[in-house]
Amino acid sequence: MGVEPRSRDLSADPDDLARLYVAMLRIRLFEDAVLRLFLANEVEGTTHLCQGQEAVAVGVCAALEPGDTVAATYRGHGAALALGVDATALMAELLGRETGTNGGRGGSMNVTDLERGLIGCFGIVGGSIAAATGAALAAQLTRDGSVAVAFFGDGAVNQAYFHECLNFAAVRRLPVVYVCENNLYGEWTPMASVTAGADIAARGAAYALPAQAVDGNDVLAVREAASAALARARNGEGPTLLEFLTYRHKGHSKVDPGAYRPPEEVEEWLGRDPLLRLAAQLGDDAVEQAHEDAEGELERLLDAARAAAFPTPGAPATATKGAAA
Amino acid sequence: MREVTFREAVRDGLAEELERDERVMLLGEDISLGGVFNATPGLQSTFGPDRVIDTPISELAFTGAAFGAAVKGLRPVVEIMFGDFLGLVVDTLVNQASKYWYLTNEQASVPLVVRSAVGAGARLGACHSQIPTSLFMGEPGLTLVAPSTPADAKGLLKSAIRYDNPVVVFEHKLLYGRKGDVPDGDDALVPLGRATVRRSGTDVTVVAAMRAVELAIEAAETLAEESIAAEVIDLRTLRPLDATTVVESVARTGRLVVVEEGPPSGGYAADVIAAAIELGGPVAARRVTMPDLPIPFASTLEDAALPSASAVAAAVRALS
Amino acid sequence: MREVTFREAVRDGLAEELERDERVMLLGEDISLGGVFNATPGLQSTFGPDRVIDTPISELAFTGAAFGAAVKGLRPVVEIMFGDFLGLVVDTLVNQASKYWYLTNEQASVPLVVRSAVGAGARLGACHSQIPTSLFMGEPGLTLVAPSTPADAKGLLKSAIRYDNPVVVFEHKLLYGRKGDVPDGDDALVPLGRATVRRSGTDVTVVAAMRAVELAIEAAETLAEESIAAEVIDLRTLRPLDATTVVESVARTGRLVVVEEGPPSGGYAADVIAAAIELGGPVAARRVTMPDLPIPFASTLEDAALPSASAVAAAVRALS
Amino acid sequence: MGVEPRSRDLSADPDDLARLYVAMLRIRLFEDAVLRLFLANEVEGTTHLCQGQEAVAVGVCAALEPGDTVAATYRGHGAALALGVDATALMAELLGRETGTNGGRGGSMNVTDLERGLIGCFGIVGGSIAAATGAALAAQLTRDGSVAVAFFGDGAVNQAYFHECLNFAAVRRLPVVYVCENNLYGEWTPMASVTAGADIAARGAAYALPAQAVDGNDVLAVREAASAALARARNGEGPTLLEFLTYRHKGHSKVDPGAYRPPEEVEEWLGRDPLLRLAAQLGDDAVEQAHEDAEGELERLLDAARAAAFPTPGAPATATKGAAA
């Protein structure tokens, strides 16, 4: 897989590290709550937690500039929160409330917040890739200087959207960064068993794209790789494919037989928890403070989200903006 | 005859056909572990990884490959996890598989089955809840199957696997847990292309499929208390339409209500009404469907969007 | 007002909108040289290679990208060379573009136009001749436009480009050479969602679209000699259906014939009949369509498969 | 593009060379006739000539064994004839006659002859790739020892089917050979302008597949490369991607503005005509004899094909084998 070991930047600014830690922690705790609510049947349907992968969302989003666009997946809580989507509105969406990001219409697999740059969370594998490619096309034509980022999983690299969009973006030199979160499984199927070559970053070469495999549990490494790719895109040098190696701590979604992952593997990856790793670099005080803050915020947002009303069924709604004319 | 769930009936049907005919094989995502709807558990360990294949997330490839394999004599059964993903394989089904028999001047047929979980009500949002019948209603050569009971889930699936032409089987995800008596082996076979009368009546014909059949029956029970005798027809096969059964019923009842979990146009509802009137003459008719909107996530909105027994009853009353 | 061909009308419509609004852009295969149907000649040299883009043969990517670009404020017009290839982009249109406005709680709409050449009669065989209306009839949020004249080709296209929501425009390839008077600029606009009466009559309502309108008019002329006055309605927009115009006409004529170049089910024919009966009450109705077969190549077979004016006239007589 | 120059096998058996030459010549002359008939409106609709590319069809098919399966494209006359499809039936199909390979139902974009191993000519770009992949899946499961071959153009490599099928075939080690005829254009669009990296053979690496770029106008080189790939497939070693560099002498199809190809380029490639190159290795006598034979055959087949009846419209036809039951 070729993850490049990198030396940590020990001179890193402690405030910076603390901010990154808090950003990851907010996601971790938010999803703890989502799981509780899901088990209590308050979050209905299904849920896809990104716990264990927080460093990818946080590292990439930390490198973005205002005006950039992000397309995420059904496993999108991390990206949404890292991007600054209001946590209360996000939780309200998962709870199907009218104050949700999508007024409760979308649910977790369609979270959208255009103001924050989130063009959507896409429930169709590969959908995020097309959306980001399109946003980059708009950015290129309007020369607004923005870049688009697509998040997707290892499973998506075998899908039509991946191939056609990467080729298209490469040919057009679109300002887009393709961020693959390789968590080793697509649902319950091991990546290597369905991915010829089992080397995702290597697929960039097919499109003559720069590509890199990076430790996705090292938030600083993630940010650094994303920054470089974003800079390339912003400079008109075209797309980059980034593969972040990571692992999800929980199952794929609500239905998950679980047993498909060797316990030693889970164990090993739990040891590489991106939060633990960053915590080790922060002082205990900072970590404690972060937890206190994040837990307080969580409590408040849960109260607010759960207090919100469900959308009124009778309310007028249209599938189109304006009538045909 | 054993009482099993719809889900088990699907599994049993697959197991029996895999056992019976070594040309039968399964392709799908995560199916070795049973798949997301646990409809295929144990099949890979029984029939081996060459006949029960976990695929990449490449719906177009494995459905397209299933088409080619079917031409060459296999009888592949493809699982497209959610019906909402069928849009990705339209080209294969429409431009290749369904046309092959006719276009090759009958050199070979394409015994390909695509199973897919469909339907709303599970709070899965707009892209995991559709019943995309409309994608395929206009495709000559394609058969669309839509069971409403465990027995039909098994019987129609087995018939589909034995049929020499491409079939799409819609399995409504809210039905997977339903229980019912289901025969074994050949006794389980349910013919394709034939509707069945689930409840007899003389005042109105209510046509439905999949979960909507339950709503129609519930509505008929309510209406019976008002002395309206509704006949409930379960289409079982959406395409080709068993117009004979519908027309015969409507000839007796003089009124037609079609219940469809889907938007008003493009699905089977309009087709049933058009066929009934073309073949049987003018008659009052109504569609009971979902609104012309994407399927919402929030429970309040989704519940209101779904067709209901009371909406069916109201439509019947409006025609009376 | 100038007399131009349907093809030129399309080109002029695109040119005017490219000129008028710099957010408008075109994407398609070989379009810089005009494309296979020569509907876009000269546009790249006028508007530049950033706004008129020759794409790889990657329909899913460039339609998907057009969706994303539309959300971000562009107004892309995609050419899918043949309607038969639309199956490859169903996912983008159905799961992403059409649902966006509603699902995002109206954060943004998707001003995306997909143009595509459709229709049989050119001896292009089963996969270059279809009118795949049925793929999209059941998709909330999607507008389907189907011009029958040069003026409508331009006027509906311009309206589609200015409309804030996804529109699929079907251009019948046998109509590209037709000539007609076509206004310039805003005068050319033709409203979406409204049918038009092409010929008035009192005895029967004949509903059609695209090339079938010509057949309906021809049939009406024949029928006039038999003292049957047929009213011919050109749908112009297939979805949403202008049921009002149809129902109003049928209320006067009491008979309904729908002509569709396509198989009997899944298209607009069934939908028009169902809507007319739901809203206007029972009425005798017939579909005049193609047989439920793939479209054959051989001239003898293709000619026989196409709907004809005489078949329309016969259907009308059968209802009288 | 990296075409490997190769030394010609001068020891080649003259009969062998003559057979290859005749096979190419039959295609060349057949298509001359198709063009004439097309211009005379006897062949209706459209037509896609493979003139200039005959060596690919002939070289690949010469390496096949009985029972192998070929999936070709709308530009499929060459593959069909090289595979042994009856030329009269092929011509009759293009003329829409009931004696055609498909009874006149299919036309040139759907020519099928399963007995000869031709699973179809596919009018949808990429369709041939899926069909061959499926045939290979059947071959693998039934262990019948056959291999499947997909022909497709340079334009198809940017399409969904290419990517998803190559990955799938690689993962399953299917006995299939992917034959890309790179004629530098997809319709009127230059390959390099829409194909990121502009190196088709290099895309094999994305799937860890062996791949090779070969001079597609050298029928011996084609056959050699195909033989090696077929042997690999037959040995259970999985798929190969072959890129054959070639050029079409005529336009893409009936509508073709023509002017998009620089005259020098056309000129240069006409000089590399695969027939001329092989003729140079054959004696004049052999060439003359070949022409005489092929012209005689052509005349006879044209007479027979044109004498055949058009299919009867009223005849019963079904879209399915048997009724639903």
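The letters A, B, C and D name the chains in turn, as written, and every chain counts its residues from 1.
We take it that contacts are C-beta pairs under 8 Å (C-beta built on N, C-alpha and C of every residue); 3 or more make two chains touch, one makes a residue touch a chain.
Predicted model, so just to flag it, every value in this text is computed and none were measured.
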Between A-B and B-D, which chain pair is linked by the larger number of C-beta contacts?
B-D
Need the most distant chain from chain A, centre defined as the mean of C-alpha atoms.
D
How many angstrom lie between the centres of chain A and chain D, each centre taken as the mean Cα position?
45
Determine the centre-to-centre distance between chain A and chain B, using the mean Cα coordinates as centres, and give it in whole Å.
36
Please tell me the distance, in whole Å, between the geometric centres of chain B and chain D computed from their C-alpha atoms.
40
Provide the C-alpha centroid distance between chain B and chain C, rounded to the nearest whole angstrom.
29
Would you pick out the residues of chain C that each touch at least 2 other chains?
55-56, 58, 60, 84-85, 88, 91, 95, 98-99, 102-103, 125-127, 140-141, 240, 291-294, 296
Multi-chain contacts in chain A: which residues touch at least two other chains?
100, 102-103, 105-106, 110, 123-124, 158-160, 164, 167-168, 171, 193-195, 317-319
Chain contact topology under the given definition, line, ring, star, complete or other?
complete
Of chain B, residues touching chain A in the complex
29-30, 33-34, 36, 38, 54-60, 84-85, 88, 122-128, 291-294, 296-301, 303-305
Listed in rising order, the residues of chain C that touch chain A in the complex are 25, 50-51, 53, 55-56, 58, 60-62, 64-74, 91-92, 95-96, 98-109, 140-141, 143, 159, 163-165, 191-194, 237, 240
Complex contacts: residues of chain A adjacent to chain D
158-160, 162-164, 166-168, 170-171, 193-199, 202-203, 205-209
Per the touch rule, the chain A residues reaching chain C in their complex are 69, 71, 100-103, 105-106, 110, 112-115, 119-120, 122-124, 127, 129-142, 148, 160-161, 164-165, 167-168, 171-172, 317-325
If we count contacts the way the header does, which residues on chain A are in touch with chain B in the complex?
44-46, 96-98, 100, 102-110, 123-126, 155-156, 158-160, 186-189, 193-195, 255, 257, 260, 310-314, 317-319
